Amino acid sequence: MPIKEGQIRIPSGCAIAAVISKEGKRMTGESITNAMKVMHDRSNGLGGGFAGYGIYPEYKDFYALHLFFDSRDTRKTCEAYLKEHFEIVHSEIIPTRKIPEITDEPKIWRYFVAPFRSALADMQLDEKEFVARAVMKINAGMPGAYVFSSGKNMGTFKAVGYPEDVGCFYRLDEYEGYSWTAHGRYPTNTPGWWGGAHPFTLLDYSIVHNGEISSYDANRRFIEMFGYKCTLQTDTEVITYILDYLTRVQGLTLEESANVIAAPFWSTIERESDRSKKERLTFLRTVFPSLLITGPFSVVLGFTGGLMALNDRLKLRSMVVGEKDDKVFISSEEAAIREMEPEAENIWAPAGGEPVIVRVREGAV
Amino acid sequence: MGVEFLYPEYEVIRSTDRCIACRVCERQCANEVHSYSAERGAMISDESKCVNCQRCVSLCPTRALKIVRSDCVLKANANWSNDTIREIYKQANSGGVLLSSMGNPKSMPVYWDRILINASQVTNPPIDPLREPMETRVFLGKKPDRMTRSPDGRLVCDLPPQLELSMPVMFSAMSYGSISYNAHASLARAATELGTYYNTGEGGLHEDFYKYGAHTVVQVASGRFGVHEDYLEAGAAIEIKMGQGAKPGIGGHLPGTKIVGDVSRTRMIPEGSDAISPAPHHDIYSIEDLRQLVYSLKEATEYKKPIIVKVAAVHNIAAIASGIARSGADIIAIDGFRGGTGAAPTRIRDNVGIPIELALASVDRRLRDEGIRNNVSLVVGGSVRSSADVVKAVALGADACYVATAAVLALGCHLCRTCQTGKCNWGIATQRPDLVKRLNPDIGSERLVNLMTAWRREIMELMGGMGINSIEALRGNRLMLRGVGLNEKELEILGISHAGE
Amino acid sequence: MKRVYVNEEWCLGCRLCEYNCAFANSGLSDMVLALKDKPVFPRIHVEGDEKITYAVSCRHCEDPVCVKSCIAGALSKENGVIKADPDRCVGCLTCVLVCPYGALAPGENGVMLKCELCLENSCGEPACVKGCPNRAIVYEERGETA
């Protein structure tokens, strides 16, 4: 019996790509799907996925929960749980296109929900923490049900297959978002499981990641102290939780969070001439040593209103950035950027540990 | 005394072909094993006095000497070993508690040797420490729970006091008195040069060594010897010693013969009086009392120095550590049952306490389960023998290791385990001036620096192999370890998988 | 010029230097062959009492009285090193009388022996320094002295 994510830790290589419009102009998912085609060889057909931001404007005030179910019974049980804690304003099967490349799909549903005020008050939690805990609860405690997207006005779409086929399967050409991230997976020893594909998300954070982090267990065992459960045992999952913890729980900025997970070398910090920056870098590295991520990685974090791309501090994975007009493109390979925008300009490879943060102009979304 | 039942444990084998009768062995043996017989025109030896410290062997210019375990043994008996029978004879002779020193020599499981380290292949590149930066710096101390920002939005960068270590190893407590002035000088100078710390133990701090204070951990133990305001101020951190791995549950006893001159002055007790540290601190009978001492010491030093609480690894160590972590301590030091000592009752040394590997694994897990691992740093000792042990300890969850036996070995100790006699031929565990001078701190500190430099290089190689370029990414990274030949319970406690899994 | 210096603080009085010296100057490659059952004639001597010991060897003085006093012209100074020529020495012991350090002593056949820093023997560097277990004897540059 093959074992899936969550039962064993599986290293994997990957392709990532992302695009964002700084003006908040909405694009369909077609272009990013095509971009993944040219990086076909970076995946092995065992996982592909996308995250789109700004795709649910009609439900923008509700958490969009995307779920996989292995059976109708599981769905019923899970729905009962959801109904206890949330007001469900709309639920439906996520529309898909039957294609020969994607088979064995689970039941794929989405729910637009809002937590009951009374439940929040009972548990003395803020809304995000409440939703995050509900997601963890389902994913860790309800076998056969898996929440793979839980943010507002954003959604993740993933499956076992090549990413370009996954995009076609989920009809991404019918969604419009101001930013998209994409992932093609090359796991080394798994038959692939739909939930194990990327992006990995928590609330409105989504992560696509290429690499295998050597600090995994140090990071996991630290972050699990704060209520997170790393059920998938994947790098992407732990990176998502770390960023959620640093930004949402500890209130760090994305730049500060990047300084934690891809902290500069001590020798670099010592050379820093800006005293307050030096003090800040030293402080962050001293306080959060267990959240330093080592080993190769390139990640793109999607969040409401922006993207952050980051490489490990030795830059052991390829990642390039390009621009054209209001758009910024990020990809494992330049070819994918050229596919999205043949006229892309200013193509550069960000240095290891140097975050590239792109935000949509204030008021544009 | 009746018949002497014991044939000497060791034999001095002297090659008469090689011996040039230079008498170096005779001059160097404080136990007076060797002498020159004018009648025979040759060197002779009294093996009954030999402790097998190998000083004579090491200095013999023609390699004419070796010390071997005597093959004059009693009839083989798997239950009554020779050592056991010898101890019976000794006790029948003396009526006393058996004394020993250094760590437990019994063949108990050494878990370090049953743990293997990972390396990267294909999916993740190993990192070459000769080409890429490889960081071993560690900060010990409490980390803040919550980030705060000033009204203008700037991150407030205030930290509780931290110890900065260039590598995750410190020299653990050995008191001035139990070891010599020159041994302390060697440790102090080496710690300073290495960017780490040594520990005064419970013997005060000699006035000559205040200048190394920035790299000194000053200890406060149950006898409170040598403790005064300047002493507390002098160190970079203060360690409250609740227990020691070699002798959990009992105090210490430095015989009056060692309380001479500067030792007496530094300990602040009269010359010739026995220095007896009680088994408990008589102001700490429970965890809330510990909290009071922690805060008294913090008050006395204006909250500028981290407080370490050192305990022996005993059965319920996880609960004890959890209590200490909530007592205000910044660092917990845990000493395993194989840790060394200058003198301990043999039965206690060999039968009390638990292995540090298991203690560390369960403490680290408990503190994480309770969400308080960040409140304290964990330092472990009690037979950390090599850089590989350090790497395994860090991967199990330690912030740093304490080493003492390895350090005295570097200074020349040959582990003869007779520190309690005070006649250390290597100038380490003695106060006899003619013996103390045998340890030149120029050489001693250099050898300690060499040893730690070598370990640091090896740690970097091992980390690089795992694709890790900073020690903090190794800490608690138990996926990097696999057990071999361990049962399921042991694996469960260590929190690691078996090799092949 | 580099000279041999002793630091009495670290001298253990083990006398290894004497034996290493005698061996280095024996011309033999085997210490046992060189020193076993034979009188030993070192060019460095450990002196002292119960409390303090130290090794004494030629200081290679800037202005050596031994060289001036040698009636046979057996002592000379070459590149700062004071050497004894065994073929010229007549064994008159004048040098022993004048040396303020007691650094010269007669050898087996009455000919004077003195430290020549092992520069020309099998050791190639001062054997006493090399073999000292406690760095009580060092070979280093400390500036000129009388």
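Just so it is clear, A, B and C label the chains in written order, and each chain counts residues from 1 on its own.
One rule holds in what follows: contacts are C-beta pairs under 8 Å (C-beta built on N, C-alpha and C of every residue); 3 or more make two chains touch, one makes a residue touch a chain.
Just so it is clear, the model here is predicted, and its values are computed rather than measured.
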**OP:** Just tell me the minimum hop count from chain A to chain C, counting one hop per pair of touching chains.
**Re:** 2
Original post:
When the contacting C-beta pairs are counted for A-B and for B-C, which pair yields the higher total?
Top reply: A-B
**OP:** Could you tell me the distance, in whole angstrom, between the mean C-alpha positions of chain A and chain C?
**Re:** 79
Subject >> Whole-Å separation of chain centres (CA-atom averages), chain A against chain B >> reply: 47
Subject >> Chain centre separation (chain B, chain C; CA means) in Å >> reply: 43
**OP:** Name, in rising order, each residue of chain B that touches chain C in their complex.
**Re:** 17-24, 27-28, 58-59, 61-62, 434, 437-438, 440, 442-443
Original post:
So in the complex, which bits of chain B are touching chain A?
Top reply: 120, 123-125, 127, 132-133, 135, 137-139, 143-144, 146-147, 149, 154-155, 157, 159, 162, 368, 371, 373-374, 397, 466-470, 472-480
Original post:
Which of the residues in chain A come into contact with chain B in the complex?
Top reply: 9, 11-13, 188, 211-212, 214-219, 221-222, 224-226, 250-252, 256, 263, 265-267, 276, 279-280, 282-284, 286-290, 292-296, 313-314, 316
Original post:
chain B touches which residues of chain C in the complex?
Top reply: 9-10, 12-16, 18-20, 23, 31-32, 35-37, 40, 131, 133-136
